[in-house]
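In the part that follows, the structures are each spelled out as structure tokens.
The same chain A turns up in both complexes below, where it pairs with chain B and then with chain C.
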Partner chain A sequence: MPSKPQPSEERASWFLKFGALGALLFLHIPLILIFLYAFTTEESAYTFPPPGLTLKWFPLALSNPAMQDALLLSIKVASLATFSALILGTLAAAAVYRFDFFGKDAVSFMLILPLALPGIVTGIALRSAISLMHIPFSFWTIVIGHATFCVVVVYNNVLARFRRSSNSMIEASMDLGANSFQTFWHIVLPNIGTALLAGAILAFSLSFDEVIVTTFTAGNQQTLPIWIFSQMLKPRNRPITNVTAMLVVLITALPILFAQRITAGTSDSDGGSK
Partner chain B sequence: MSDKKAIELINVCRVFESASGNVNAVDNVSLEIRDGEFFSLLGPSGSGKTTSLRMVAGFDRPTSGQILLYGKDVSNLPPYERDVNTVFQDYALFPHMTVGENVAYGLMIKKISKPDREKSAEEMLDLVQLPGFSGRKPSQLSGGQRQRVALARALINHPKVLLLDEPLGALDLKLRQQMQVELKSIQKRVGITFIFVTHDQEEALTMSDRIAVFNQGRIEQVGTPAEIYEHPATPFVANFVGTSNLISGEVAKRITGSEARFSVRPEKIHLSKTDEKFDADMFSVGGKVRDVVYLGLYTRYLVELDGGGDLVVVEQNLKTTSMDVMQAKDQKVSLFWKKEHIRYVGG
Partner chain C sequence: MLKRLSTFFYLRPKLILFLQLSPPLLWFLVAYIGALIAMLINSFFYLDGFTGKVVHEFTLRTYVKLLLPTNLQILGRTTLMAVAVTLACVILAFPLSYYMARFASKRMKTFLYLAVTLPLWSSYVVRVYSWKLILAKEGIVSWFAHLIHLDGLLNWYLSSEALGGTSLAVSITGIFIVFVYIWLPYMILPIQTALERVPKSLVEASSDLGATPAQTFRNVILPLSFPGVVAGSIFTFSLTLGDFIVPSLFGNSSFFIGKAVLTYQGTSGNIPLAAAFTMGPIIIMIAYLLLARKLGAFDAL
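Here is the complex of A and B:
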């Protein structure tokens, strides 16, 4: 039986509770402020407490055509980057897990590097490479830029799942008469399914709010975060930006919560062969 | 059992290439396994027994040589085109499927209709004494139950040969002994050739019709359990299967009159505290008891021979108590055994 670590029965000390509460407040007060000022009646300045609350910014923000374009672009970019990451990341994870080849550790390291590298470095590197190859900066160059770090997320998730599942499962499937395709469909895919979903959601969230790499790889397109950034210079629209920021938080945070749920729920089903 | 050959390995070699040099995991192995036989591949880890099994299953290909399955060359066929099935050491059950789906997997791949394969799966679960388990998930089963599911899953395709890769290794002693008996009876019932890989000599002796003893990629001896135990062909077999005393050189000369190396089983040696008369068909040697280990059922003595060397002697505690046997320590004794109980093992 797989055993889960049980939380200790002991009560946390008041000191620990206080510390945890402090850390949570520190992390989330700015977020709460954004949420709060999405409802303020003031147009430009932030005064505390807000003089009044209103919902009027919501229709205004949602009907803003520039914001709509930016949102649509961000969703398209994130979807495509995630899709290519799913395919490339899974293939890379399978190769690194299944086979021993020359330079395997180096390949593994280089796959993870884009996530660890500062975005600015990735951005400059991509910009130079894209210019050198005379590719016009466009929607597709943004997708390529985002795919570099999305692949890592999928790769890491899938590789971790492969390592937790027993390799002889694949052999058992072939042994029972299934060819490679049937084995992938009936055995491999169901076992990495939740890892793929979790990886995809994380990749989507990463891509959706990415600013730095986007700045370097975009032409004149504005993704949602870049649009928000440009709006910061126009104080009159501040509540609209706050509304949009709330939207971004929801679009990125909820799927991540969901991803945590599904991966937590499946972690013990891998124990089948241990 | 018939004289038909189920499996033939002909001069099979498997070389693993690595940066630190090539390893001959299986080194020119030839072997015939008969139809309906319970055949064990016995040897220490790294002796090539598992690699040999994996080549029969198709997970690994021989570097050279041939593998025949009922006369047909399968050396280069993928696993899914061979009429053999495997029970894996870690069971390799599919965690996302129920027990019933696991067992019926082979039939699902063959596109047998759902009601038919569910019925077959139930029959197989009956055979391995897990009736009514088909709705459970593998994670809800104990180790012994998973083992049975793995067996049912491998048998459902009615393979010509069933391969078992140390399937009892993860079970505790009691359960293992129970499964040994059960495996043997299932094999008799289904009449399929079983090839069983193990490093446990007792397990091999208990279950097998014949045993191949592996060492360093080669086969040292093939024979029935009795042949392997009583007539070990090499020093390695004498040592690996059961405990054995190996005597050679000067000491051997004083006992048998020849320097040739021989082995004698500890339980064949009689230990006497008096200078008993012994028959002419016996060898004898004097010594001093250096150590006594009381093991309940029997007692093990380590006897230092006069003039060098030592022998392990095992005697059943038929009449003696622990107090009696302990008194033997540091006593002078004489040892004797029937001449027919020594084996010249060469080397």
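Here is the complex of A and C:
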């Protein structure tokens, strides 16, 4: 051990740096490999290093009908789930922010529950309801499941924004003669705009990516993650899966970076005032 | 007209509350709480072995089935895996969280924060898939083992009956590694949050009073950041308990809760048993959450 007079703990030890770097690499090398393998020439194995690199799988993957159907279904489901979550989440956030009512804590707890409990609980619960009520599997059973666990991300984002913004703007608007609708349109909506956008992006990628709950509510339909999952269980055309995997990373990661950016400023100023 | 309507609502805040709250509340009561109740009801039904149909009749026999040795084994194995994954996540997460909280500059911290959250949000299935590439027999792990002349060690490890398999991609070890990888970000962030709340003055006081860095770490930093560890473990534990994707893709024949539930409700149509099985993770999680609250984990979230 080095001597003690210097405040030596102000500098990170090599051991700590090594550990931190190790965790970082552990988190990212697999994602990098996804990108690498999208270009491998190999068709039926995962040899490292790849024997050669090619672009030929890209057009093949993009024109694969099963993949296209799955992608389309995922986009449709995620759009509708996001839309429902936006409405339900915003309403709930507005109610919780503005009013005090009996069971307020219970409401926020209930909204978080679908994300806090293991996905399989939501999944088998919905599956039980579907079986008990003899509801046929459909597009809508998937959407209902997804919207349920997406509400909380919108709710959290919008509620956080409400809590940060001051009420005086709204009062001023009303004092100056605007009615509630005008106030909502000109003051409230612009104010929570980016929070809605961020919540929507998070909800969309949450839904776009979901596989556990979907397995129980989809019947025979395949969303994109389920398609990838089935490809992994019985590998038929690995190159196409590889390319799709890479595209999915891009589709989910880029909007998230954007969402981080648009909410980063506000949360920073919040932290600064603390 | 609009103005009148506006005044009408303005004077009736209770009506606004009702209009705002009832859609989300109704949705959750019907689609979520209703579904949970349907699950509970289903777990008290049973599957007639001869007809293959679910009998809608109150009985405890499905729960009795849950106590069969094979099913108890599944519950035990899954819990053990969740514990192992959680411990590994704590060990892996701590250095990075510590570095983020105490040493990183502001810019570096933003970068690291993104670096941790990005995998969290990028596709779960694809992140699982990436390990299919890595752990495959011909994949990068075998390549690396060969490179540093350790293929003998790898093969020796794989030949172990409990932990090995034909390749890492078909072994309990594979499942363990992938779980740790997938849930690690959920552990890093709460620990980092907790560590940031450790007052610098306490750390300085400790070293002023003559403690070595190791002693300060053990007696000051670790106890104060423990709620963060517990908060993170809620995620790693709960997510491992309920997952069936990873065991289906990397496992051998040994079942985990999620995989069992999936199989029971799917091929055999035994929704009652699947529902009863799910009560396992629910009870374990409720117990865990109560314990976590006692340990102060919710302040660290």
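The rule we apply is simple: the second predicted complex is superposed on the first by the 240 of 274 C-alpha atoms of A that agree within 3 Å, B and C clash if a C-alpha of one lies under 4 Å from a C-alpha of the other, contacts with A are read in each partner's own complex, and residues count from 1 in each chain.
By our rule, a residue touches a chain if its C-beta (ideal position, glycine included) is under 8 Å from a C-beta of that chain, and two chains touch if they have at least 3 such contacts.
This structure is a prediction, so every number in the text was calculated from the model and none was measured.
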First, second, both or neither for A:Asn179, with chain B first and chain C second: both
Which of chain B and chain C A:Ser168 touches, first, second, both or neither: first
Residue contacts on chain A - larger count, chain B or chain C: C
Which of chain B and chain C A:Ser207 touches, first, second, both or neither: neither
Which superposed partner A:Pro49 touches (first chain B, second chain C, both, neither): second
Touching partner for A:Gln222 - first (chain B), second (chain C), both, neither: neither
Partner chain(s) touched by A:Pro190 [first = chain B, second = chain C, both, neither]: first
Residues of chain A at both interfaces, chain B in one complex, chain C in the other: 1, 179
Contact set on chain A toward chain B in their complex: 1-2, 165-166, 168-169, 171-179, 182, 186-187, 190-191, 268-274
Residue ranges of chain B touching chain A (in the complex, touch as defined): 57-59, 78-80, 84-86, 88-96, 105-106, 108-110, 137-139, 146, 153-154, 157
Footprint of chain C on chain A - complex, ascending: 1, 4, 7-9, 11-13, 15-20, 22-24, 26-28, 30-31, 33-34, 37, 45-49, 84, 87-89, 91-92, 94-95, 98-99, 101, 107, 110-111, 113-114, 116-122, 124-129, 131-133, 144-145, 147-148, 151, 179-181, 202, 205, 208-209, 211-212, 215-216, 225, 228-229, 232-233, 241, 245, 248-249, 252-253, 256-257, 260, 264
Touching residues on chain C, where the partner in the complex is chain A: 2-3, 5-7, 9-10, 13, 16-17, 20-21, 23-25, 27-28, 31-36, 38-39, 41-42, 54, 92-96, 98-100, 102-103, 110, 112, 114-119, 121-134, 136, 138-140, 142-143, 181, 184-185, 188, 203-204, 207, 212-214, 216, 234, 238-239, 241-245, 248-249, 257-258, 261-262, 265, 271, 274-275, 278, 281-282, 285
